[in-house]
Structure formats: C-alpha cells, structure tokens
Amino acid sequence: MNSIEALLAKFISTRKKTEEICAPLEVEDYVPQPIADVSPPKWHLGHTTWFFEQFVLLPFDPGYRVFSEDFAYLFNSYYNHAGNRVLRPNRGLMSRPPVREVMAYRSHVTERLSLWLEKGDFEQEAEERVVLGIYHEEQHQELLVYDMKYILGNQPTFPVYGEGFRTKPVSEGQFSKVSSGVFEIGFEGEGFCYDNELGRHRVFLEEFEISESLVSNGEYLEFIQAGGYLNFDPWLDEGWSFIQKEQIRAPLYWHEVEGEWWNYTLRGFEKVDWNLPVQHISYYEAQAFASWKGFRLPTEFEWEVAAKQFDWGQLWEWTGSSYLPYPGFKKAPGALGEYNGKFMVSQQVLRGGSVATPQGHSRPTYRNFFHPSSRWIFSGIRLAK
Amino acid sequence: MNSIEALLAKFISTRKKTEEICAPLEVEDYVPQPIADVSPPKWHLGHTTWFFEQFVLLPFDPGYRVFSEDFAYLFNSYYNHAGNRVLRPNRGLMSRPPVREVMAYRSHVTERLSLWLEKGDFEQEAEERVVLGIYHEEQHQELLVYDMKYILGNQPTFPVYGEGFRTKPVSEGQFSKVSSGVFEIGFEGEGFCYDNELGRHRVFLEEFEISESLVSNGEYLEFIQAGGYLNFDPWLDEGWSFIQKEQIRAPLYWHEVEGEWWNYTLRGFEKVDWNLPVQHISYYEAQAFASWKGFRLPTEFEWEVAAKQFDWGQLWEWTGSSYLPYPGFKKAPGALGEYNGKFMVSQQVLRGGSVATPQGHSRPTYRNFFHPSSRWIFSGIRLAK
Amino acid sequence: MNSIEALLAKFISTRKKTEEICAPLEVEDYVPQPIADVSPPKWHLGHTTWFFEQFVLLPFDPGYRVFSEDFAYLFNSYYNHAGNRVLRPNRGLMSRPPVREVMAYRSHVTERLSLWLEKGDFEQEAEERVVLGIYHEEQHQELLVYDMKYILGNQPTFPVYGEGFRTKPVSEGQFSKVSSGVFEIGFEGEGFCYDNELGRHRVFLEEFEISESLVSNGEYLEFIQAGGYLNFDPWLDEGWSFIQKEQIRAPLYWHEVEGEWWNYTLRGFEKVDWNLPVQHISYYEAQAFASWKGFRLPTEFEWEVAAKQFDWGQLWEWTGSSYLPYPGFKKAPGALGEYNGKFMVSQQVLRGGSVATPQGHSRPTYRNFFHPSSRWIFSGIRLAK
Amino acid sequence: MNSIEALLAKFISTRKKTEEICAPLEVEDYVPQPIADVSPPKWHLGHTTWFFEQFVLLPFDPGYRVFSEDFAYLFNSYYNHAGNRVLRPNRGLMSRPPVREVMAYRSHVTERLSLWLEKGDFEQEAEERVVLGIYHEEQHQELLVYDMKYILGNQPTFPVYGEGFRTKPVSEGQFSKVSSGVFEIGFEGEGFCYDNELGRHRVFLEEFEISESLVSNGEYLEFIQAGGYLNFDPWLDEGWSFIQKEQIRAPLYWHEVEGEWWNYTLRGFEKVDWNLPVQHISYYEAQAFASWKGFRLPTEFEWEVAAKQFDWGQLWEWTGSSYLPYPGFKKAPGALGEYNGKFMVSQQVLRGGSVATPQGHSRPTYRNFFHPSSRWIFSGIRLAK
C-alpha cells in the first residue's frame, strides 16, 4: 500500500513536471519540427500520455475507453507493434490537435490512471508498466529540454526560456588510474533499470586512466584556435565529411560575432563562458578533440568501472563504445521490446547524465545512446588514456 | 478628398478582411509550412503588413519608426532589393513572433497608415503604393485560403474550416466560336492594373472555339475511370514524370474510400459532388484531360478575347500560354519591379478568378501564373478547340 | 528511281558521318554519362540505329529479324509506345554491349536497310520514315558533339578532340528594324519538316528591331566584369536561384586561371578568344545579359520573320518564346507522335543552327527547344528591342 | 638476399594476378561506377600502382620521376595527406586515361620497383612499405572481384565473367561450445599484420556456442518464405528502414522469375543453388536472420577465440562487433596512418576471408570492416548463441 502511494505520488509529480518544463513556451513554440531529430513539444506531451493509455489503461483498466482514436495514431513514436505511426519528419505539420486538447488528454489520462492506481487492484506487470511509463516520461522531459532549446535557439530573435538546466564551471582535473582486471558490468540489485543494462557480465580491462573532470569551453577553444576544424588529421573520415557537409566550425549554438564567441543558452544570447564544460558537440567532435590532445574517449566499461572516482551528471559523456547488446541480452516481448534493442547499430553510447536529466533518473549502469552526429543533446567530453 | 476617404475605407476593410479569413483557425494552425509553396498564415499576416511599412510608411511618413527590426527580416518574401529574406522553406520553423505580436504589428501599421492617410498630405506615388499594397494584400488573402486549406486538409483529422469559398454547380456548356482577326490585348483605361498587363498590343488569332462552362467533377471522373492517369499517351513528358514521382491518381484532396470518392473541402471530409467544377488539378492534368477529350486549353489571348461570352470567376483557368512579357513590358524600378517580371519563365498563365478571389480584384486582362505542377491553388479547366 | 538513289546516298553518308564524328574518341569515352542530359556516345550510336530498325525494318521489311532483343530495350530513348526504356540517368552504367558490338549492329542495320532501299519496293510512309530517321540521326550527330565535348571537357586532363565545329569571329552588328504587321509563321512547301513547324498560321507583330550579329565573348566579359553574376537585378528569379545553386559565374567551360580567362574547346584548353560569339550560356544567362544591356531576346516569331536580314547558323539562338504548339498542331499517331509534342512545357525555343548542325539540317522555320538551364548545348545570344 | 628475392617474386606475382583478374573484361567494363561503393576496375589498376609510386618509389628511389602528375591526382583514394583526390562518386566519369595508358603506368612502376628491389639498397622502412603495398594490392584484388561482379551483374544482359571465386556447399553444422575465461586477442608473432590488429590485449568472454558452418541459401530461403522481409520484428530499426527504402526482399543478385529464384553469379544467370552458403547479405539481414532463428551473430572476439574449431574462408562473416580501436591502438604517422584508424565508426567487423581473398592474405586476427548496409561484398552468416 505504501508502495502504491509512493508510486502514485511519483506518477503525479512526473506528469506535473513535464508541464512545468513547457510552461515558459508560447503556444506557437509547441508546433515546429525544425529537424527530424527534434520533435514538437506538443508531440512529447501527447506521446508520453499515449504511452500510459496504450500500455497501462487499455490492457489493465477494463472500463477504460480510448480518449481519441486519432491520438493513438498521432502520438505513437516508433512502436511498429502498436499500429501505424506518423512518419517522424512530418510531426511538425500537425497543427491539430491544438495544445489545449493535448492538455485535456493529459489531464484525462493522469486522472484515470491515478484513480486506477488508487484502487490498487492490479498485477505486478501492470505496476511495472507504470514505472516504465514514468521513466519513459522522464526521458522525454530531457528530450523536451533539448528540443525546446533547438526550436528557440533557431529563432532569429533568440528568445529567452528562463532559468534552469545550467551547468557548473569545471576546474582542470587530474587523471585517475585504474589497474587491469576482470570487472562486472551491468545492472544488479533492486529498483528500475532498462533491458539494455541487464545481462550483468564480466569484462577484462587493461590498465587505464580517466580524467576527473569534463573538458571546458576554454580548452575546446584552444582546439578551434589551433585549426582543429580545418585539419582532417585528428578526425574520423565520417566525421570529417560531416563537418564539411554541415559547415561546422564550432559547437552547436556558438556564433562568432566580430571576433568574439557568443552562444545561445536558455537565458538568451550570451558570451561563451570559458569555465563551463563544452556542450553540444557530436561524437565526431569529441573524438577529434581527444585525438588532437593525444588522448582518447573512455569505453563505456571503463567509465562504469571508474564512475565512483569522479563527479558526473552535468553532461552526457560520449564514450568510445558503440551501442551493442550485452551478452545474454533479451528484448521484452511485444511493443515494449522495441524500446531499446532495435537501435543497437550505428549509435554511440553516452554515460552519466546531464543537468536536464530528471533527478534520480540516471545511475552508473545507465546506457544512453545517440547517433554520432547528434549535437542538440546535452553532451560533453571526458578524456581517457 | 472623396477619393482619400474611399481609399481609407478600402484600406481598412481589406485589413479587416484578412483577419476575418483567419478567424476560424487555431493558434497552432498559423505555424506550419507543410510544403515549400504553402506559407504559414502567420507569415501572410506579417508579410502584408510589412509591405505597407516598408513601401509606404518608411519612405513617406517621416515620423514613422520601424515596429521591429526583426519583422522586416522575417516578413520579407522575395524582395532582394529590400534586404536579406528568410529562406522560403524555413518559414514553418519560425514559432516567434507569436500570432499575438503579429496582430499587434498589424494594428500598429493599420493605425499609423490610417492616420497618415487621413492627413492626406502625400504625393501621387505614395497613393499608388497604398493601392498596390491593397491589391497585394488581396492576393495574399487568396493565397491564405489555399494555404489554410492545405494545412487543414493534411491533418489526419480533416478539421472543418467553415462556410465560404464554395463553387457552384456547372451545367454542360456549348462551344462558342470566335472568328480570326487582329485583337487588342492588355489593360486599357483608368483604374488599377499590374505591370504585366500593360503594353497593350495586337495579336492575330486564327478562328477558335471555346467552351462556355468549366469541366465538372463528373466529366473528370470519366477521365480517371478510363485510365487517364495510367496511360502516358495524353500527357506531356514532364507531366507524366510528375504524376509518377508524386504518385498522383486523382485531383488533390480526393481520397478513394472503399470504392467511393471523397474529398476534403473547407466543410470537412465529404463525398465528391459530381456537379461542381473540377478543382485542384495541375496544368499537367488539365492539359492531359483536354488532350484525352480531343480538345486543348485556350491560349490566354483567346481567353481574353472571348471572356465576354461566358461566365468566369469560379476557378482560375489554366491556359495553354506560358507566362511571358508583353511587347514593351517594363518592370518598375527598385523593389516593386520584383513584383511580377522576374517570374516570367517556367510558369503557366491562368485567367479569370476564383471563389477565393476578393471581389473586384480580378478583371479580364488579369494574368495570374503558377508553376505547372501547382495543385493547391483553386484551379479549373475550360476547353477550347 | 533517282529519288531512291539520292535517298540511299543520303542514308549512307549520314550513317558514315556519325561514325566519323566519333572517330577521335577512345573506347572508354563512349561509356560515361556525367550528367543526366549527356548520353554516352555509344548510346547515340545504338539509338540512331535502333530507330531505323524499330520504325522502318521491323514494320516494312518482312524478312527482317531483330538484331538483338536486348538492344531494343537498351537503345530506346523516350518512346513509351515502343516498350520499356532504360531510365535515362543509368545509361552511363551500361558497359555492355561493347562499342565493337554496337558498331556491328550499325553495320548490320545500315546494310539491311540499304538492300531494302535498293529494292525500292515500299510505300510512301516507309520512305517518310527513312527520311525522318535520317533527320533523327542528324539531330543526334549534333547532340553527340555536345556530349563528347562535355565528357572530354570534364576530364581533369582536358584532352584534345581535334578540328571541326569552330565558330567564326563576330563583328559588332547593327539593329535591323521590322515594321508591325501580320506575318505567316511555320513551314510551307515541299521537303522535310517536323510536326512542330506545321500549322502555318498568322501572327501580328508590333514593330521591333533585331541585332544583325551575335553577342561576342568580349561583350559578355563586360557583363561579368560589371558584376553581372553577382547582382540579382537583371535575373529571372529562377535563373538567380539556378546560378546560386550551381555556383555559376561564367559560361560553361570557362575557367579563371591567375586572373586570365581560359576555356575548354575541342582543341583543348585555350585562352578565351574575345571575338568569337559567346557560347554555352543558359537561357537564364542570355536573358540576364540582354536585360542588363537594356535589351531583350527576340521572340521566335520575330526571329523567323527577320531571319533573312542577318546571318545565322553559328550557334542556336535563345528566343524569348516558350515551346508551345502552333494553332492546329497535331501529333502523329503512335510512337512517332512522341517525337516533339510531349515536350511542350517548361522549354524555351532556340532558332537557327550551329556549327555542330549537319549541313542542310536546319531552316528558318526549325524550332529547337531546351530547358532554360541547358548550358552544354551550342547556344548563343542575339539581342532585340 | 633470399628474402629480397622472395619479396621481388611476391611483388611480381601480385602485380600479375591483378591483371589476370581483369583479363575477361571488355575495355568498356573498366569505366563505370554504378554506385559510390563500386569503383571502376581501371581505377583499382591505377590506384594500386599509385600506391607503390607514392609511398615507395618517390620517397626511396632518388632517381625516380613521377610517371604523370595527373595520375597522382586521379588515383589517390582517400589519403588526404597525399593531396587532393577525385571525389569518390565521380570516378566513373573519368574516361581518361584510357585502360591502355593505365596498363603502361602499371608496367612502368612494376619495372622500376623491381629494378630498385633487385639492387637491394634500401632501409627497413622501405621494405615494409613494399610489403604493405602488396597487401594493399591484394585487398584491391578482392574489391575488384566484388566490383566487377556488380558492374556485370547490373547489365541487363548478365554477361558471363568465367570460372573462379566459387563457394563450396555447406552441410548443416553443429554448435561448438567455448567456456568462459580471459583470452588474448590481436596479432602476435612475426609476419605482416595491419595496425588495427595490434595492441594485443585481454578480453573476458562469457561461455558461448558458435556454429561450425555457414548459413546456406536453403536455410535463408526459409526466412524469406516465412515473411522475414515483411515483418519488422527481428530487424534493427535502421535495417528495417533500409530494406523499405531500397525495396529489398532477398539477397543481392537474387531475382524471382515466375516463382523460381535465380541469381547472377560470375558464371551468368543461374538458378539459386540451395546448398551454397548465402552470400551478398547486409549486416542488417544477417542480424535479422539470426534473430529470427533465435540466435545471434558472434562477436569478433568470440570468433577469433573459436576460429580453430571450424573451417572459414569461404565468405567474410558478419560479426556483432562494431569496428573500434583495440586498447593502445596507435595510427601510423603521415598518410599511411589513414589506412585503417579513421574508419572506426559506423562500421561492422567481418572476420575470416572469402573465395575472392588472395591466398595467404587473411589470418585469424584479421579485421575486415564494412558499413552495415554493404551487400556487394562476399559476406555470409555464422550463428552463435
């Protein structure tokens, strides 16, 4: 019973948090999809709601009637098992339903699921789905921050979002050494984790060293000033092509104005703060920077093993590991099996968490992953050797 | 004095009319740009306002200060002379300024221009600019209707816009004969016209016949049912490629549902009314239909000469004429010279007017023009032989 | 009998001429298709042969067996009536059949058709097809020159083709005046013409003046040096976009090397000869140049009426007319009807002829047409006002 | 001395082998580049020659003069350090130099390098470069086979190449078990290896089983017949998109003709032999097949550890490992450092060798790598669990 109360409280606070994140937006900001990766905020609001409706209320609450047939179609993301989905790059064309109706949908589902939770009459699997739904919504809270920043940061007027989601200055750190040996990797214990963390297994690591701090904007500026973006030598071939094609010469949101570097932050257009950790760099840039410095990025296993030895959680940290299944990985049956496993190719693992990660959402075994070209995420660099 | 009063009244009613057209929209509908041709309603609202600010208030009202530097940048359409413009396909990403601010911009400019007009202290050229601005806004009113229909008609939920902009049934008409001879073409007389109608000149026309009525949905259905979209024979090569690439098998907004043809209209999703004139066909389709019937489309000169002999104004009528300058065409100096002349290649002329054309906006010498692939416009077919 | 002998002689000399044009090529030059517009020389050799096989030998010579089923498939160009065709942009991937076999195919068809002609036992229609085939092959002879030049001119080594196809210097000409009136346009008389020249009809022309000479490289250089490619003012909107997108700053084959203008000619890489007529410009460039000079391009009707008053035949001359059917235009039944009519949209008419046009191939009523972006053709500029 | 003789013999036989592989081609087959991945045979011939000229003769033979400045430009592949390169997708447009001259270039370099080798007056590094050049040429021999097959297999006439490069039937194999433990991975000992195999290091492997045989065409047919290409369930998300976009429903070169499966082989168009190992499948297909069977692909470490327990070398075997640097990986300085390291992202490792791999070219530690979408390579499937 106690656990149900806690779950209900967590559910309600999570739902509310999502809405608070969006509060500073204009109605119009909920609509555009400037690039395929960035979803309209309205879509996140509907999609996280749809998840609870589709995977909890419909299968487990016998009296529940779908709020709107259309919404099931519009707010499915990538769950082929759950029916046809709106093709991703077209989300920004859906002006309907209006935000107001999406909010009504949210309230309806929040209320109905709360009532159903309060009754407490459900199986273990149903409860697990609610927990998954909460974690799912937390993931989308973080994406919301990325996407809002991208939408606002591409308005010619650079509108201010407000406080929140700020990183702290980094001081130049030391390298910390870890001796070779066999280590256990993957989730263990009680509590929630994703399927991709399961399959705890042993890896052998050769001795390595890992930096105790993230790379700062100031250190990254040296790379720019040394012609880092103009010399193919430290770059992966694919990375070099990418920066040529996209004409990239600095982190995302940086603009050179009359010889000075400014950047868009959620507080508007500001001069770059050299003490903050460098943010909004792709894997290609992270790798090139590390290579130029004579270092490398840690593997995800090195990171997990060494994580106790440094602070983390400001920015997701690109690792040198591709996103692949652990030995013994099993995907869940049905639509929930599409959550993680099907993305296990052409993605790079990031570890840690960011200032946009909801509190308590991450853990040392958490495996985040994005395409190596991703720059709109809250990504940073930690060096290893 | 009288004329200034009339101009002021016309100005104010035009401004109001634009806003009335948008009234049934949700705020969210003002934002998307689903295809490059379709501009967000918000953009039309700002752009028509910018036109008055840029070409009347700034040059002719000495006390006028620009409402917002950003708006000048955001709401320029294609006037290279007037500074950098937002690249057309990105309009749908501009969530800012919000609709509310665009409306404030509208009010501000409407008010300031009204005051300035009331004072009556201006040159001939300034007055001509106001008149041009009114015609410009009327053109955008019509585009607004096309664009709103496209945005709403591509929502999976097919939302209802409301009454208005309805065509009337057509009855099968006769062909009317015109004997060969030399005719005068182009605008003559007092009143407003565009530069592309000037250069009144003589053309020789061989004898021709022209239909007194537009082609109906029912007649067009015969073409579809006879495999018109499946046989390259009546098609222009470019048209045939176009319908293959875009997978076109019927007019825009038509959907075959369980063997019956429905279409999206501003009143929602309805069965096709076979007596209405066929609408939303490209030039390619109009030409292929005419060719399949053993006829052809009239030239714009034939149309102009014969216009007294039939009713027109329901739908813009594709002609067989490409959009080219009349002998002696001169483009206006400066930015206003970009209004028409620079589009004189790869466009096809349409004549007449449509139910979305503001009253009094068209005339028999009016030359409308669009790319032959355009289907979202209110276009129809009149046959000739 | 005499006429059959003459036809046979013409047939044989035409076939031989095509092969002579290709003689300076390496086997490898017969293969690539660098852009969609440019066909591999091998393809022209096969296609012109296929035309005689498909449209003469198969229907009219009862004993004829097809040389190779595959060739019918590979060497059809755009005749939907005659079966599936190789998609145009893939021609450059067809390394087979080797040139040697295409030449065998040519010999076979030339021989068989010669024997059949010698027997003289055929209908009028068959003879007309042979004549059409000869004109068709002559058209492809000209395209062969364009395409060879493009293939060779895009080798980093700029190989020499050899003599031939040279233009002569132009001296600055006067304008010649034509008074207004009704004129007859279109082909009349005996001899061969294409269907698009038929439908002789009357047009009324207002008084105009037309230059007696083509624009020279020297005059065009003034346009470049005055920033003609950097200022949107004289350009059509579509033309301005085109030169931005393609990064065009001079005619095709011009290269600026250390401050001096060189160009690729069939004689190799040479300094631009300022007295030669400017060549390899698109319609957009021709129109922008004319507009910058304060003139315009003649219409195709003006050109035809005035043609006796000046020399022509060095370069095809862009006219201000779009390619549209003449009144009463009728396309031939079946595959031959696809020859001309289906291209009557989005093309601009060129009149005259070029140094690559086979002797006797052109005439004052001849209507050549290309897309306004075409630059690899032998095009030039004649001004009008 | 003995070793120099052996090196010389190996050098000469390698050069000759490359030319023998091309012998059945027509001159025209040397030219096209049907897709970006497939290079023209002419290019391989020139490029392998350029490698010896650029990296051996120029730096180490003082009397050597470059054969042709142009060739250095044309036949560089991806070595940014060695100057500008022809952009990869344009190789098929280079009809010049003709094959004949490329062969002359080959003879020249083979001869000069042979003379220089015979003198025996060179440093260790120079000898290492020759060895690398031989391995480089062997790699291109294998690519030549892939590329020739692709060029010929995409001719509508399916020309026969001839004997050679045949796989042998596979019999259904058992799974072989390997117990968990720490294993050494990477190259050790004398002899040649690439930089990507160095950095021998320890890995811990959990117990696994690996199949002793490759998957056969017959087994793969079951997957097709069970709707494997029509059901997203076993597919990676990126793989599912890939097969939709490319409309893939079977391995490359398979064609269904009247209900029977045929495929293009180097012997022409033949019925699929069900006992041969399935070939020409992408990583996506290999992974989906394995997943559908309830198995998975081995990692490259499992493969290396288990390699003694089965026969390999018929087809390169997709592993579940992404191509990443080994601990302590160091790329060589200068242009040779671009050989391997810069491709370490978005690629999947293949292990083993194929019937197109030159004898003695592979070894158990050899790491081949391709993009997961690659289908024109000689790839196959081995299952693990």
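Labels A, B, C and D are assigned to the chains in the order they are written; within every chain, residues are numbered from 1.
What we mean here is this: a contact is a pair of C-beta atoms (placed from the backbone, for glycine too) under 8 Å apart; a residue touches a chain by one contact, two chains touch by 3 or more.
Note that the structure is a prediction, hence the values are computed from the model and not measured.
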Quickly list, by label, the chains bordering both subunit C and subunit D. none
Give the label of the chain whose average Cα location is farthest from that of subunit D. B
Starting from the mean Cα coordinates of subunit B and subunit C, work out the distance between those two points in Å. 37
Determine the centre-to-centre distance between subunit B and subunit D, using the mean Cα coordinates as centres, and give it in whole Å. 58
Please tell me the distance, in whole Å, between the geometric centres of subunit A and subunit B computed from their C-alpha atoms. 45
Which positions in subunit A are in touch with at least two other chains? none
Determine which chains touch and list them pairwise. A-B, A-D, B-C, C-D
The subunit A residues in contact with subunit D across the complex are 78, 80-81, 180, 182, 201-204, 206, 208, 232-233, 235-240, 283-284, 287, 296, 320-322, 324-325, 327-328, 338, 342-346, 348, 372
Where on subunit B is subunit A touching in the complex? 26-32, 34, 42, 70, 73-74, 86, 92-99, 151-152, 154-157, 159
